[in-house]
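Both of the next two complexes hold subunit A, though its partner changes from subunit B to subunit C.
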Partner chain A sequence: MPSHVPNSSGLQRLIAQLAPLLIVCAVVFALPVLLNNDFLLNKVARYLVLGILTVSLGLSWGFGGILNLGQAMSFGLGSYAMAMALKLKTVPVHTGASGLPDFMVWNNVQHLPWFWEPFRSLTFAIAAGLIVPALVAAALGWFMFRGRVTGVYVSIITLATMVVINLVIIDQQSYTGGFNGITDLAQLEIFGVAFDAYGRATYYLVASCVLLSLLVAFAFTRTKAGLIVQAIRDHESRVRYFGYDVALYQIFVFALSAAIAGLAGMLYTVVMEFASPTFLGVQLSLSVVVWCAVGGRQSLVGAFLGAVLVAGMQGALSESAAFLETWTLVMGALFVLVVLFLPKGLAGLAQVVLRWIALRRHAAAGGVAQGVGQTEGST
Partner chain B sequence: MSSHLDLRDVSVSFNGFKALNSLNMSVRKGELRCLIGPNGAGKTTALDIICGKVKPSAGTVSFDGTALQDLEEYEIARAGVGRKFQVPSVFRELTVSENLEVARARRTSVLGNLRWNIGNSGREHVERLAELVGLTEQLDRPAAYLSHGQTQWLEIGMLVAQDAELILMDEPTAGMTAQETRKTAELFARLKGKHTLIVVEHDMGFVKAIGDIISVMHMGQMLAEGTAAEVEAHPEVRRAYLGSGGISHA
Partner chain C sequence: MSISRRTLLRNTAALGAFAGAGLPHIWIKNADLAFAAGGEIKVGVLFSLTGTTAIIEESLNKATLLAIEEINAAGGIKGSKIVPIVEDPASDPATFSEKARKLVVGDKCVSVFGSYTSASRKAVLPVFERQNNLYWYPTLYEGRECSKNVIYTGAVPNQQQDEFVPWLVKKFGKKFYLIGSNYIYPKEENNYCKKLLEKLGGEVVAEEYVPLGHSEFSSVINKIRSTQPNVIFSTVVGDSVVALHRQYKAAGLDPEKMPMASLTTSENEVAAMGGEAAAGHFTSAPYFMVHKSPENEKFVEAYKKRWGADKVTHFVSEACYFQTYLFKQAVEKLATSDLTPPNIRDAVKGQEVIAPQGKVRIEPENLHTWLWPKIAQAKSNGQFEILVEAKEWLKPVPYAAYPGQSCTEKGLVEKS
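Take a look at the complex of A and B:
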């Protein structure tokens, strides 16, 4: 993709920016060696998937300035696409092979609905898990951004849209499994590899997708289009006077973010072995915002780590005897503290610490602190 | 072909207040036109109309034969109109070089911009621009850290990067030191000819230094047009500025 041979300073900068991403991914890949416990590994895989979801929000919120409170909608759509395909691969108890899914039998459905038909193909399902969320986001984005809806109104509209889709899924029990979601799924199988939720293969699948989505998101932020999206976040109207169609850029980043969330949703179904309306629930969707803010919304790696750490902590606290009742309080306090004292999240804190270390080293080397330590406004 | 930019009978009102009242103005290609007038004369509104920020309630704006009044802002920009705002408008969280890169809008489509920009050619261009506006030292600093004068320069640099045929400048020297103002005047003299410029300014010294023809606006209308000496001698202009000590002290 690079259109020119990068010069040395550009290349150095690229490596410096990629380093945290690659280090984090290396740790993710190395974890199974240290963690010889399938149950724990499955749990970690779950947090990693939530990390991908949070990266997708970081892309639209941190870089595009679009606070999508309905990010879990794309996640849920992806997870249902995967669940529908895996459901059709199970051998139903009542009707035998290639019969109706069990919940449809309970609901007196006679024939497989037309929109379930194509999900007999796994390829279609995976494509749908990416494309459907992207298209829904693009359509929603078309109305919002063409109409120059901004700020809190975007958040309200996205949240409301997610709630509507959530209600439709719960209401259409005979086609979606309603409240129960879609359960009793077959194992995902790609090229002869079976992905057992508690197996290593699934963990490495998730880890690969972590790397892939972080790289895709990173590559996008490094393009000129990614730069323009950040300019739109800073000063939306100014960008128009340079000849860019702002709405198209917003729709693009919104849809890209939705596709990554859809990927995370598909993986979540594989790891959890079911799909449920709670996957596109308000609680999850708002949690993602908290994770993203704690990790640092303007850093992709930060957003990812924020999700893994905070979701991991949530899991640990809610299972510990001491915090069984109060863990939500602890989470709330953490969020308040981060918003008050770390507006750029943990990633911002890491930046400050790194700069401080560099400054110390520079001073120790005897040189006058320059560059990093330059006082603001000095010219 | 007589004129490059043509405003015909342009009117616009905000809540009943007629900011522009049947304004007529035409500018030739390559000209540097200064637009002056007392506060509330409608100078900024005139620029807003041209760049599409405000839509006229009546009248037409034509630029090289294209009717601008019905176009979106980004379409007007693509037609070759660039705008510098009175309150310097840059992207504060982006670095100076990133600001210049965004402004260099050679491609405007999303897909056309999905390529990496770690190349040499873009960087060299950006460095040349930074040198032109004296921001070489600040290239990798966020624009939020620039002083007011530097921010003004950055936005001017962004307009040079944009390379628009018609450049609209709203008080480009506000907040600048005398020396910075002089440098700005030199830069404008260089842009003249290659670009068409319309500059709204209060500083008469600056206007006299750069302008060929001065247009004086008053109450949303064109009051007078001519050289500095001509408009200063114009009786109606004197009346419009009455009480503010004359045109040179406005």
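Take a look at the complex of A and C:
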């Protein structure tokens, strides 16, 4: 407990815990210097966004013990919020003077629906991209956690809710673009800075959000509320007997995680230049769980790197001629191996390896001293 | 003290290990390659080899590669070989977008052949429009698109329906039951169908949309029984086609009296459902495998020889095949130093090639293709019998249902 140790030591410990996070972010920020290629930057930016999404799941799953199989729902809601705002900013070349988004004209919609109106304001859209996922999660959490739903049922409910929202979006194509999603978007512009998907501005925007979301998530895990959430994960009824309102803490971490996922969703629209119902699809949602497990769900930085590493590897494997036919198989085998042999993911493996190195060094230092002693003795 | 320093050290090294392992996919490529360097012309081939639409898209990948291999075997294009770069977008729009970026920006492909679904085309469109590259799209689709960066070689609604709907009305009657999958393509086809029916004095007894991948049609079949239409006009896609046909047959309905008229059922779908379930129903398309022409015999024979005797060709794979030849002709017109996507687009305008279906031509106005509509009936052996062949090729009108709009070289124009 930080409060029990002297201040200076507590600070050092904090720095030690923050170090991986800060170094990862430093690497992320330094990358454009090494990579003088817009296309690769855009690609890395995409992986970073998926990393943020995975951090959000790490927060609720690794720290809150809530396995949300519908994490992509919040991601998708954020993505659509941004897409709606950017869609309204496009010059409607395909639809003529009426100025309605093209897919609405295709579906014979006469007037902009009321819930699209506020998205003319980018500020509103950005706020909505954070708040709507958080509110939806809070409402869902209220029903689940107040009703003391736990474990696998939480996973089923979150997955089912996501599928329902996904189906509604596909079905209501006059208002959502349906199966095709929302395409042909304007560029995001904030304070006169245009965020071109291939530009450095966008990369740095994403990198800043990586730093921000990692810091927010890290800070939360260090607060009292964060500690209680972890205690609930480990022993829910004991925390309840202490008099804490367990559901309230669970709802909070669930909503915070959704807001971070919403942020990632908004960035994804900027980087990909469209929004699609597959952004809140089962496939992506389950991939996030896998990334999180591979990286190590109880480490925020681990979860982040898990996503970047696996998504990057997936991209590289499927692009190499040798694995074009078999890349899904290779990925599948890797996941099985990680789950079987590395229950704490790569973060856990890294810890074990480092401990082992430290021990060896310790032993070697002792051994050398001994050896020297022996040599001296023999001469 | 020493513990915290070790923690710091350990964590830092963990990070290094991660970063080292995490970045092998990042490499720096020579970004300044010209579009035709070292006697090679790089093109992208972007059809899903895994995922939900893999079965149909694999046949498109194969038809495209066949054409490229044939062109290269015959000496390439003015001595340059076409080098196909095959990517697997895994039936996922986001992956389509990622791979399109890789092909266009990373590999500097001069054109990309790809996409089956409209959703995937819409997902890659921003990449091609922003990079001013060229996408060759082989699938029939709903029209209403007017991009300068896409060459559309599949049929648009007027090319599948202008002949088909009057023929159905004359042969079977005026009562139509419209059934489609719930997305933009069936809705647009039905919009156009309703316009045609209005002119012919036809009647729509029901218009219904089922979710994509829907496979339970008993309620639809009950409604068909109660409304007794003359024609079931079907634009369901994918697995739903198979389910609808099988359940229609299981319900004991008779194609002689109440046939299904489809815009989406090709040899590929018939192979999936079995010829018995398809027999007696009608499809309108520019190409069928049984079409008799020297070019088609050559295409079918080469396709089977290259990919297996049990494989079928169909109206989308045929378009993949001939659009690659159109690409070749366009590139032939250009000097090597002029080889850029916009120049290829200009060169392909008005290009003609004798495709398996007949002579086709790229319309300079809208970059869609003049095609030969045909009406055919499915047989129990899994093939079609062509009943009606257009006497003339038909101009593509992507905005046929919207007389106020037309696609021109300058983009979409509103007529007042």
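The rule is simple: the second predicted complex is superposed on the first by the 349 of 379 C-alpha atoms of A that agree within 3 Å, B and C clash if a C-alpha of one lies under 4 Å from a C-alpha of the other, contacts with A are read in each partner's own complex, and residues count from 1 in each chain.
The rule is simple: a residue touches a chain if its C-beta (ideal position, glycine included) is under 8 Å from a C-beta of that chain, and two chains touch if they have at least 3 such contacts.
The model shown is predicted, which means the values in this text are computed figures rather than measured ones.
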item	value
Which superposed partner A:346 touches (first subunit B, second subunit C, both, neither)	second
Larger contact residue set on subunit A - subunit B or subunit C	C
Touched partner set for A:87, first subunit B, second subunit C, both or neither	neither
Partner chain(s) touched by A:249 [first = subunit B, second = subunit C, both, neither]	first
First (subunit B), second (subunit C), both or neither touched by A:239	first
Subunit B versus subunit C as contact partner of A:274, first or second or both or neither	second
Partner chain(s) touched by A:308 [first = subunit B, second = subunit C, both, neither]	second
Partner chain(s) touched by A:231 [first = subunit B, second = subunit C, both, neither]	first
Subunit B versus subunit C as contact partner of A:219, first or second or both or neither	first
Interface residues of subunit A shared between complexes with subunit B and subunit C	13
Of all residues in subunit A, those that touch subunit B in their complex	1-7, 10-11, 13-14, 219-220, 222-225, 227-228, 230-231, 233-235, 237-246, 248-249, 252, 376-377, 379
Contact set on subunit B toward subunit A in their complex	51, 53, 72-74, 77-78, 82-83, 85, 89-94, 98-99, 101-103, 105, 107-110, 113-123, 137-138, 145, 147, 150, 158, 162
For the subunit C and subunit A complex, residues of the former touching the latter	1, 4-15, 17-19, 21-26, 28-29, 31, 49-50, 86-88, 90, 92-94, 97-99, 101-102, 105-106, 118-119, 122-123, 125-127, 130, 144-146, 182-184, 187-188, 211-212, 405, 411-412, 414
Contact set on subunit A toward subunit C in their complex	9, 12-13, 15-17, 19-20, 23-24, 27, 35-40, 42-44, 46, 93-94, 96-97, 103, 106-107, 167, 170-171, 173, 178-181, 183-185, 197-198, 272-274, 276, 278-279, 283-284, 301, 305, 308-309, 312-313, 315-316, 318-319, 321, 324-325, 327-328, 346-347, 350-351, 353-355, 357-358
